[in-house]
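Going in written order, the chains are labelled A, B, C, D, E and F, and every chain counts its residues from 1.
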Amino acid sequence: MGFTTFGEIMLRLTPSEHAGKINSAQNFGVHYAGSESNVASSLAILKNQVQFVTKLPLNAVGDGAMRSLQSFGISTGNIARGGHRIGTYFIEIGSSIRPSSVVYDRAHSAISEMTFGELDWETILKGQKWLFISGITPALSKSCAEATLLVAKTARKMGVKVSFDMNFRRTLWKDKKDARSIFDAILENTDLLFGNTGVLKDVYDMEVSGANPIDQTISAIEKAKSTFGLEQLAFTVREHHSASENKLSGVALLNDKTTISNSYNVEIIDRFGTGDAFAAGFLHGLGQEWGLDKTLGFATAAFALKHTIRGDQHTSTEEEILSIFKGNISGHVLR
Amino acid sequence: MGFTTFGEIMLRLTPSEHAGKINSAQNFGVHYAGSESNVASSLAILKNQVQFVTKLPLNAVGDGAMRSLQSFGISTGNIARGGHRIGTYFIEIGSSIRPSSVVYDRAHSAISEMTFGELDWETILKGQKWLFISGITPALSKSCAEATLLVAKTARKMGVKVSFDMNFRRTLWKDKKDARSIFDAILENTDLLFGNTGVLKDVYDMEVSGANPIDQTISAIEKAKSTFGLEQLAFTVREHHSASENKLSGVALLNDKTTISNSYNVEIIDRFGTGDAFAAGFLHGLGQEWGLDKTLGFATAAFALKHTIRGDQHTSTEEEILSIFKGNISGHVLR
Amino acid sequence: MGFTTFGEIMLRLTPSEHAGKINSAQNFGVHYAGSESNVASSLAILKNQVQFVTKLPLNAVGDGAMRSLQSFGISTGNIARGGHRIGTYFIEIGSSIRPSSVVYDRAHSAISEMTFGELDWETILKGQKWLFISGITPALSKSCAEATLLVAKTARKMGVKVSFDMNFRRTLWKDKKDARSIFDAILENTDLLFGNTGVLKDVYDMEVSGANPIDQTISAIEKAKSTFGLEQLAFTVREHHSASENKLSGVALLNDKTTISNSYNVEIIDRFGTGDAFAAGFLHGLGQEWGLDKTLGFATAAFALKHTIRGDQHTSTEEEILSIFKGNISGHVLR
Amino acid sequence: MGFTTFGEIMLRLTPSEHAGKINSAQNFGVHYAGSESNVASSLAILKNQVQFVTKLPLNAVGDGAMRSLQSFGISTGNIARGGHRIGTYFIEIGSSIRPSSVVYDRAHSAISEMTFGELDWETILKGQKWLFISGITPALSKSCAEATLLVAKTARKMGVKVSFDMNFRRTLWKDKKDARSIFDAILENTDLLFGNTGVLKDVYDMEVSGANPIDQTISAIEKAKSTFGLEQLAFTVREHHSASENKLSGVALLNDKTTISNSYNVEIIDRFGTGDAFAAGFLHGLGQEWGLDKTLGFATAAFALKHTIRGDQHTSTEEEILSIFKGNISGHVLR
Amino acid sequence: MGFTTFGEIMLRLTPSEHAGKINSAQNFGVHYAGSESNVASSLAILKNQVQFVTKLPLNAVGDGAMRSLQSFGISTGNIARGGHRIGTYFIEIGSSIRPSSVVYDRAHSAISEMTFGELDWETILKGQKWLFISGITPALSKSCAEATLLVAKTARKMGVKVSFDMNFRRTLWKDKKDARSIFDAILENTDLLFGNTGVLKDVYDMEVSGANPIDQTISAIEKAKSTFGLEQLAFTVREHHSASENKLSGVALLNDKTTISNSYNVEIIDRFGTGDAFAAGFLHGLGQEWGLDKTLGFATAAFALKHTIRGDQHTSTEEEILSIFKGNISGHVLR
Amino acid sequence: MGFTTFGEIMLRLTPSEHAGKINSAQNFGVHYAGSESNVASSLAILKNQVQFVTKLPLNAVGDGAMRSLQSFGISTGNIARGGHRIGTYFIEIGSSIRPSSVVYDRAHSAISEMTFGELDWETILKGQKWLFISGITPALSKSCAEATLLVAKTARKMGVKVSFDMNFRRTLWKDKKDARSIFDAILENTDLLFGNTGVLKDVYDMEVSGANPIDQTISAIEKAKSTFGLEQLAFTVREHHSASENKLSGVALLNDKTTISNSYNVEIIDRFGTGDAFAAGFLHGLGQEWGLDKTLGFATAAFALKHTIRGDQHTSTEEEILSIFKGNISGHVLR
């Protein structure tokens, strides 16, 4: 009775020197990450049964990704091996007024050339509780768009609930109409939507009202609910102060009840993978049947806490996240 | 006419990567530290004659601790060698809302199995001015509790002044009554007490009044003075904003005169060893016969400055600490 | 139908600097290793189903060991969590005339305080093909000696074959009679013995004849066969030239047939875990039903190849080991 | 039609460990830097034609400086090789209340023993648009003071505009009268002056009025204009909050028009080379004929942005600096 | 009157840890390398005028390659910028019986999608003395094969001599007939051929005679001379002992005179880029008009010396290579 | 009753990357070393009372040298502080046919500008057993030459035995006659001479006979004995195979008895400081009154063993060196 996530995992290369630049890096720190594998690793660390499904090249770099996934306790038995390469991206961690930046080199990756039929999805999804997918995978290629939709449909058909994080990678789409068209189809098969105000504006030109980011997010979540006909939505709220400091909150709407989380001002060590930490935290809370307030509170604490951890992976335990949720944010040493 | 400190020095292992986690560390940075050896190294760097007394295993790791101590100019000639192991601890440096945390592996260390009689304390303490001990050593084992008390008594008898930092490591004590009982006996032989509001509450259930942390500390220091019958007390004041930022002050009471230091808002590089920096700074000021205001000001400047230095050791020179004390805290480059 | 190994996994700390010394190390490289877990990781990398059974403390360091084991694909579901600490050892990698050396700090580890009854061995061993144990675990404590023997007996009873590597850690035994006594009992439950000439001499005072190390090993293996009444024995042969260069071979005796492998002169990157690589290679060959010559050849190639890999773990794939076995040892670049 | 800068480039050694101290550094990070070479590298990264002129020893360290300069695309064809050593300096990066500090070891460097006549300046300066020099070079030695003045005069004579950054290194001058005397002569040959309120006070005892640092800088720039008879002046404004945070602005006066830039609050990664980034940005704007507002705005954005980049070199592209100038300082990730 | 090389430069990622494996690397060391750029950097370090021509993506990784090339003093003014990605490869440095291995990820690189017409080759080649190309570029794509041939023809027509290193990357060709066909056309435009016995066998099934590798190479070079109608040929000779030790020599034939170099037994730090060091050394000798013996001797010394240097680039100076050529190979310290 | 050594300690900078080059180093490893301080650290590690006398600048780099010296247990109480700089040198560690090389930047160091009268040598030398000096210090400056001679004379006068290592740094002397002249004067005050065949030839044009290096060294030692009128001489014998491998021996002559040590073939990690390890080992043996054979055997074992240790310092314990002396050179792991 576990979780399945499906998508791309990439080789992430980050200049090893603190605050280093890509163009003069002498060493790159190595991580393997991607939205859906990040959700998987968080769920595994929270002691859930999780499998991650993707396709990886049959070489030592693909093996590296496998080892990384396994280290968290993620099941990798249904990962296809083959294709030509693993997608790669290079990250510069920003600081203060200097933004973080990403150079992608992900075209022609193994998963982007994969089709739905390569894997036996009925076997993969049997007995699963939740499927997690994101808006990135459909952007990778036509076959990936088809596969993502078919996986969602298959899950639905089999009684596996579908959660969808509407990530929108502008540069991967020729036209946002393409994104809208495939997202619409996925949303018809979605039980739980993760998102935020910005992505709804970017993809659906959805205008929101409200005097502050929280109110705007409430407005957005209500519009999304009615527009897409969904009953479960969980949105992150991010106020940018600088590359080093953000204010973070969460808003969720479940079966007509809207909840707002605490807000956290955090100094940022690594901003990547934070939305994934939120999604994993929320799914974990649902799995634990914690009720909406605790579930959103836990998800938002995870979201905030991830900003203080290097790499895309959120490696905090349930106990550590709950401690933040309970308000232990003033930094007393734990001995 | 120097200083002697007695206690445990441990191997401190910290993930080498900035803000790294213990569970995925590929490298650990190596320090050797402990409350009493930290006080010794600070005093040595401030150009005092200092010896540190402990017991270390006769192997390469014990040798590493010896080399570390010697590098600061600490006399190590009275360190016993033998026993089975050096105590070890693992540190995760927190950041923002994420607290620092410590995993201890210190049971069965050489010093914890040591007895008072293993060393010739009369020779060791001959001609010394100050002994520094802390509440940690009595917590290590029954023989350590006995030894600490006997060392304090011997010092007293020989005219060496005794300073006692009432550190309280909750997890090392079965019952706080045990701590209270040995602390009471030590306090009878104490000339100068280091502490803070929290520890008095934890160990002695001492309630304090006051609208703010400074006032509360004044209240605490006065209660401690009357309760324990002491004439010299120096307390740190810490206000936690987050794991990355604290507000720091000091309060001291000497011969009925109470003084309050400046306060410092500091961003934290490494929070460990800061109380030890305060104690060393205070002892140094007494040794220099600077008078209470300068002594407390210097100790508090050292306390604050240590937060910006990696490792448990406070490696700042007297000139650097005095410069902070004089108010040079706006970061002009020293060329 | 897989493999189960049982024993201690430790935190291995190696000075990060190439050829660095423990007493002046500024950083330690982190590995988690132990004879039985090394065998498990090799078998997992060779794509076998493997589980490793041990006890680990419930803290971040124990979590680190878990993550390391999982990264190789080892099943960790039957690892007990609890106790006080993980055993630790420090390694200096030797070079040329300077020997490698080890400082152990393994007393009081979680597994050393563990009893047979803490785990449900009948469930653990159900359906397993091979159990692997070594002579190290019985040396850790009385309860470990009992547990090891009981595990072997349980396996035997359940039809799981028992392989035993007669590792002998001199410093862990008060008297070698103690080792002999427990080894005797284990040998009565052993199907396959791993060893070498030296250990038989050390533990059993077994004298061997022969003009060269290979002949001496044949002599030893035959004596062991008759002394212990075993049908399957596989021994390593090591000729020390220096800390940087060894000559390596293997000898095996299966059902009265003795075979000798090729010999390899290797330059050594890391000498640790090499016997474990041999055992894993041999078990893998048996599992693949390759016949004695290929099985021994593969095991010896793995034994030799491991010397060129840093860390205790042998991370070579089956293809890489087979390539050595086929004689590709002249270093042509694989593109 | 490019830029020429002339001065000293040094070996900069910075403890590799984040926030490390010189006296216990195990590794030093290596940069090659100096005010005039920093201006050259910024200009080269901004895709200008730049040459840097200096003298470097003919050894592997001198070669290292050459490689560093070339890597940015700086022309090094007119660098003299010879002399005895490269100047060296050691840096401790401050944090919070702890100031950054510098230990110089630059006496007897190759350039300090160089004379004007060693190079053919008429050939070097032919067809150049701007010469950049600073107040540091004249401080190195008598021959350097003479050379700097002669280079400025030669440039003037040949129609190359002269920009002069009035850096004042207190410890390099016996008496500030010496500095004033050579600065006066250089200023007679200067077209564009870089400076700040502090240096005018230090060297010329120039008192300024104004309620805040911006107003004080306007006052200083107007006094400098009338005192030195200059038409182009660009000054930085720095408000120190701590070693980790500064508020930064710029003020310029061109042909009787005074402009004030935006201000930036920045968290500091590396404070060194920031004034050089300002000068390079200003010269770049003039070269692009951007007009005063954009030129000063760009220079100040470069000044602020450099604080977030490790090393003395400002490695940001024109696009990155313009983005800051346009107000993108809230740290949105660039994908 | 300089050298032009044309081909692909790639991002080389090597596990940072000495002898590390790709699948568990935590950090990758960064180099930018490729056969033709390696020849360019060697020639530049030998103080020749060199330009390198390629196509690089317009992102921070492409900028990194530019900075690396410039650091050696290579002219990069004719490098096209654009396309989608830089080719990448991962290297495991072998040791002893463990071979080095390479994982390529170079498909779809900017240069592989480039055409001859994108650059103005007549301008590029004007006044050049030598063009260097290799057999790798034609293997990248059809357009690259065409471009390489057209570049060679253009050079020939303009009086620029053409040197061709017959590198053969098996995995990049569908059929070796394709290689042969394009190589034949290039050879018609070749003045100087670099190669070895192996490549002639692989591509042309050319059988050689001779009792030892030197004699076999003489046989190969004579056959190549008559088969291809060439007057200048320089071949490397490599005898593999292990991944850590090779014996290296050179054989050249110029205008009917055959010469054999000294042989060197070397321990290998990094085996990559060694053939390129040979080619650069030979071209340098021709440029210096040293005569055949010194030219081949220098090239072979460079070939051998490169094996002791990390990275693909041969960074030795002319003085250092000449010293090897003169027989200073016993390792006396140079002070 | 201890040892005093007098001379220069320098900052040693070595590229951090294994086998790295100075001209492209991104990080330098930091050591503090010099012939006389190396002898002091070896003697301290061997548990002798040792003081090192020199002059160091009063800055953080000088403090670093102090901390390094103290870490070994060397007394630093008689080190003068002041002057302008610490001498610096850069090292490239050679490998195979590539020699190690050194770039010195030591002119104008604090000690080079020091005079005999700055220190109270009678107090320093009171009660000492041995003084150790070398031929390097007299080469630093005229005042150093005078000081070295006066120190030797003072020692002699006070009954402290003088040992002199005739190091000859060619590049520090204008004419070898200058060296000969000061060496002659020192030799008149010398009790024990360290040297080798090469230095006698270089400085004194002393020709030796003998079929092999051992015989030649015997010849040299006998000539030196008669030429200089000495009774105690200990010479190293080095046969260079490559930068990675040397054969090492020792020859000593005491009171007319000549002894030859075992020879060791070693693979070299770091060749620097090896002669100093020999001298320290020999002095230690004399101090222990071991007799000539064991003393020379120990010194030569130390000499050989140091080649396998990084840095100039020989950090082996007496037990480790004795083990080599006893023939344990085949690399059995010490557990």
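Couple of notes before you dig in:
As a working rule, a contact is a pair of C-beta atoms (placed from the backbone, for glycine too) under 8 Å apart; a residue touches a chain by one contact, two chains touch by 3 or more.
Since the structure is predicted, the reported quantities are computational estimates derived from the model, not experimental observations.
Between subunit B and subunit E, the least number of touch steps comes to 2. Although subunit D and subunit E carry the same sequence, what matters here is overlap: shared residue numbers make up over half of all numbers found at their interface. Equivalent interface to A-C within the set D-F, A-B or D-E: D-E (over half of contact pairs identical by residue number).
Centre-to-centre, using mean CA coordinates, subunit E is 44 Å away from subunit F.
Distance from the subunit A centre to the subunit F centre is 61 Å, each centre being the mean of its Cα atoms. The multi-chain contact residues of subunit B, meaning those touching 2 or more other chains, are 18, 21, 23-24, 26, 29, 67, 71, 101, 268.
Under the stated contact rule, the graph of chain-to-chain touches falls outside the line, ring, star and complete shapes. The chain pairs satisfying the stated touch condition come to A-B, A-C, A-D, A-E, B-C, B-D, B-F, C-E, C-F, D-E, D-F, E-F.
Taken in their complex, subunit B has these residues touching subunit C: 13, 16, 21-30, 59-61, 63-64, 67, 84-86, 88, 90, 92, 101, 103, 105, 107-108.
Of all residues in subunit B, those touching subunit A in their complex are 17-21, 23-24, 94-102, 104, 169-171, 240-246, 268, 271-272. Interface residues of subunit D facing subunit A in the complex, by the touch rule stated above, are 18, 29, 71, 264, 266-269, 304-305, 307-310, 315-316, 320, 323-324, 328-335. Every residue of subunit C that touches subunit A in the complex is listed here, in rising order: 66-68, 70-73, 76.
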